[in-house]
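Please read through the structure below; I'll follow up with questions.
In this document, chain identifiers A, B, C and D correspond to the written order of the chains, with residue numbering beginning at 1 in each.
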Amino acid sequence: MSETVLLVYEDREYLVETGEEFGTDLGVLSVPEGIEPGESLETHLGTEFHVRALRGPDLFHHLERTGAPMIPRDIGLVIGETGVSQGDRILDAGTGTGVLAATMARAGASVLTYERDPEFAAVARENMSLAGVSKSVTVRTGNLLEELDSIEERFDVLTLDTGDAPAIVEHAPELLVDGGFVAVYSPFIESTRAVVEAARAVSLSDVRTRETIQREMDFDDRGSRPSTAPVGHTGYLTVGRNE
Amino acid sequence: MSETVLLVYEDREYLVETGEEFGTDLGVLSVPEGIEPGESLETHLGTEFHVRALRGPDLFHHLERTGAPMIPRDIGLVIGETGVSQGDRILDAGTGTGVLAATMARAGASVLTYERDPEFAAVARENMSLAGVSKSVTVRTGNLLEELDSIEERFDVLTLDTGDAPAIVEHAPELLVDGGFVAVYSPFIESTRAVVEAARAVSLSDVRTRETIQREMDFDDRGSRPSTAPVGHTGYLTVGRNE
Amino acid sequence: MSETVLLVYEDREYLVETGEEFGTDLGVLSVPEGIEPGESLETHLGTEFHVRALRGPDLFHHLERTGAPMIPRDIGLVIGETGVSQGDRILDAGTGTGVLAATMARAGASVLTYERDPEFAAVARENMSLAGVSKSVTVRTGNLLEELDSIEERFDVLTLDTGDAPAIVEHAPELLVDGGFVAVYSPFIESTRAVVEAARAVSLSDVRTRETIQREMDFDDRGSRPSTAPVGHTGYLTVGRNE
Amino acid sequence: MSETVLLVYEDREYLVETGEEFGTDLGVLSVPEGIEPGESLETHLGTEFHVRALRGPDLFHHLERTGAPMIPRDIGLVIGETGVSQGDRILDAGTGTGVLAATMARAGASVLTYERDPEFAAVARENMSLAGVSKSVTVRTGNLLEELDSIEERFDVLTLDTGDAPAIVEHAPELLVDGGFVAVYSPFIESTRAVVEAARAVSLSDVRTRETIQREMDFDDRGSRPSTAPVGHTGYLTVGRNE
């Protein structure tokens, strides 16, 4: 379905669009249209790369970054708590690298996402192409807050990773269908509080903020225990529902 | 797309298939084929219910339970860490209530899931119908471990929530495509360790186990703080990749 | 050393001063001066109580409460991070029930503690007597912030569990010896931040705030895992040093 | 009371016994008997060092290490949960660097501690001298488990940081006074489970194991949040009571 594939040889991984030709230190790879995951491909110097389908967590490593992208765990939490699925219409602000938008699109949603920085927006568009979701994700250059008047559609989910999230949340009831969710990702407690207050002010229901702490477990010959090197704080996730 | 809708009136919510008629304490509701989210429907006694599209987190509350279903957070973590998306073929064991299988199907995957208990399997099939994903999810009654010889397909993701997960993980390389993921959810550290050892024995890569701790935040007039009533332990999630 | 003992019979525990007589539902107990832990004592109806020495964690259960007392874990953290020990002079504000003051006195410190509420202060004085530390703890009725001018002594540790902690922390350098510690316990993030800013403004060193999360572990026949009922948030502990 | 002091000049800190002479890169310091915290002392080259009293957390940095010493937080948890205080008699096994033993002695306890490795025991004795607690701590070279028959005293607290803790815990009822506590620190879940099973087998009461997770908080101009670099796992603390 996707026209993007991963080409893998030992530790080397390239995310490429089919039909392209590109150089590696092991020789040139010509990637034919129609090549399928499971097949192989040789460079002109004879090194064999395996063709692999792109999966969501690969986006985190292979998209061009314009900031720290959301990690797979936090993307999963957004999807799990809001139920992003096929046919959903999603409004997103603070595109950044676009990993969240691309992952939601890969789950069958159509996404309209706003990025204020024109250069970041251009990179995000390129990333959507690499992720094979150009048709499902529209990256608009601009500030969603200023564009609200021009939006007449209703969305199933509103996802925000932007400093002006509180002001946008105030409009959630007009932007969301009945039963739709808003999910806001914010690193600081002050901005998180502002989001919660905005959500309460417009009477969203089930407004909850959660901090997620993960501990990686170590299993070795001596025994089992939490790692001494846990995953740090990424952000608070606030979810509310329009009902 | 779905032929299942939620009918909502104040605190009452019913998950129903269109074309059905059913009784409530506020009167009988006849749900016509073709009714759409956003419309309304009156009982024969005149109470107006709103029609709402089903979303993933609703499954947790509305499917018939045959045990404690996986919570939206953990479903999200499985989806985020393995990248479940459209077109994926997923092999699942330990169907239970079926919330995980249904949510993955809603994200566009086709799921083959095994449940050992025939009564649980029957309930799960009914739940897939309610979730509107009967066409995408096949619930087989049986023990996946004993059926492995009969499975010739390769899957993108293998999800396990069953006591014999370690023995199944030993077969992950033959069950998964190149780059495919296995995700195992296990409540106890001993069973989790057995899963990790099995994954290492068959050379899955990036084998990691994480425990997730969430704290709900309280925001009130006095200030902001973690709740004094945090979310408890659900399970360890182990993820590995076939490469 | 202490003239207070615990009298224990099955689930009944009484914290009493020697030389007293008091009634229980199992008969009257006359507690002679000089009775020692390890001995026994009968009620006039013949039930035998064991005499046990008071230990720190008993204070949490046996002192009369004028609010939620600090839990043994948090008292331990204050003691561990500041090194409260024999011969220390400690200035404390927000006495409350007095469990922290009493525990520090039991570790050999002399404590000057301020409680604004006269009734709470009276209870705290009674509690110090019950804890056997009346000679080491002086409970003053009043607001430490207003009494600072009258304090000429220097202290080894300053412990604060009061709303005006930030204003008091500003005076820490004049109140503490070289190398002395301040430890502030505060439930909300906003008040905690104010404490940190005050500590930085007067150049305390090693200013750190920590949130403590504890998970109780369950061990049963099925396996080992974190409890599904963890201990909730109590407060943030901020520690700084005068150097 | 202590005859040990810290000599501090900017980032340099030396823990020394009074009456000694020793060289620094800033010249020789002769430390007279009777010098007091708060005074100053010049090297023969004229650099002025401040004299500071030793505090508990300094032990972690200044004692000679024979392994990773217990951190102040965990020492505090042991003291808080067991109520270590003046007059306590404590039996300890797995002396190591001796930070726990020294800190408990500084709170007024007398400590009998066993260290199997003769060289480690010799270092620990030197450390007790540096910590100013030689009179309160007896470091025995040997394996407590093998010495149990020779111990007739009863202790208020039994603290264990050693691999054979489960076998020692089986003797806790004969080693502890009525109401006495055992506290075991163990890094792995398997050894922790063995400790809990031993404690249950001899009917200790209130047997609880806790894992402690701490997050350091960051406060800067952008806002307040948990640090992205949290403190990792140190160990499980199991506490039980003899009653």
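Here is the rule we use: a residue touches a chain if its C-beta (ideal position, glycine included) is under 8 Å from a C-beta of that chain, and two chains touch if they have at least 3 such contacts.
Fair warning: this is a prediction, and the values are worked out from it, not measured in the lab.
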Distance between the centres, which are taken as Cα means, of chain B and chain A, whole angstrom: 21
Separation of mean Cα positions, chain D and chain A [Å, integer]: 48
Shared-contact residues (touching 2 or more other chains) in chain C: 189, 211, 213, 215, 224, 226
Contact graph of the chains (line, ring, star, complete, other): ring
Pairs of chains satisfying the touch condition: A-B, A-D, B-C, C-D
Residues on chain B engaged by chain A in the complex (per definition of touch): 1, 6, 8, 37-38, 50, 52-53, 55-59, 72-87, 103, 106-108, 156, 177-179, 181, 189, 192-193, 196-197, 208-217, 219, 224, 226, 231, 236, 243
Contacting residues of chain C [partner chain B, same complex]: 187-191, 211, 213, 215, 222-230, 232-234
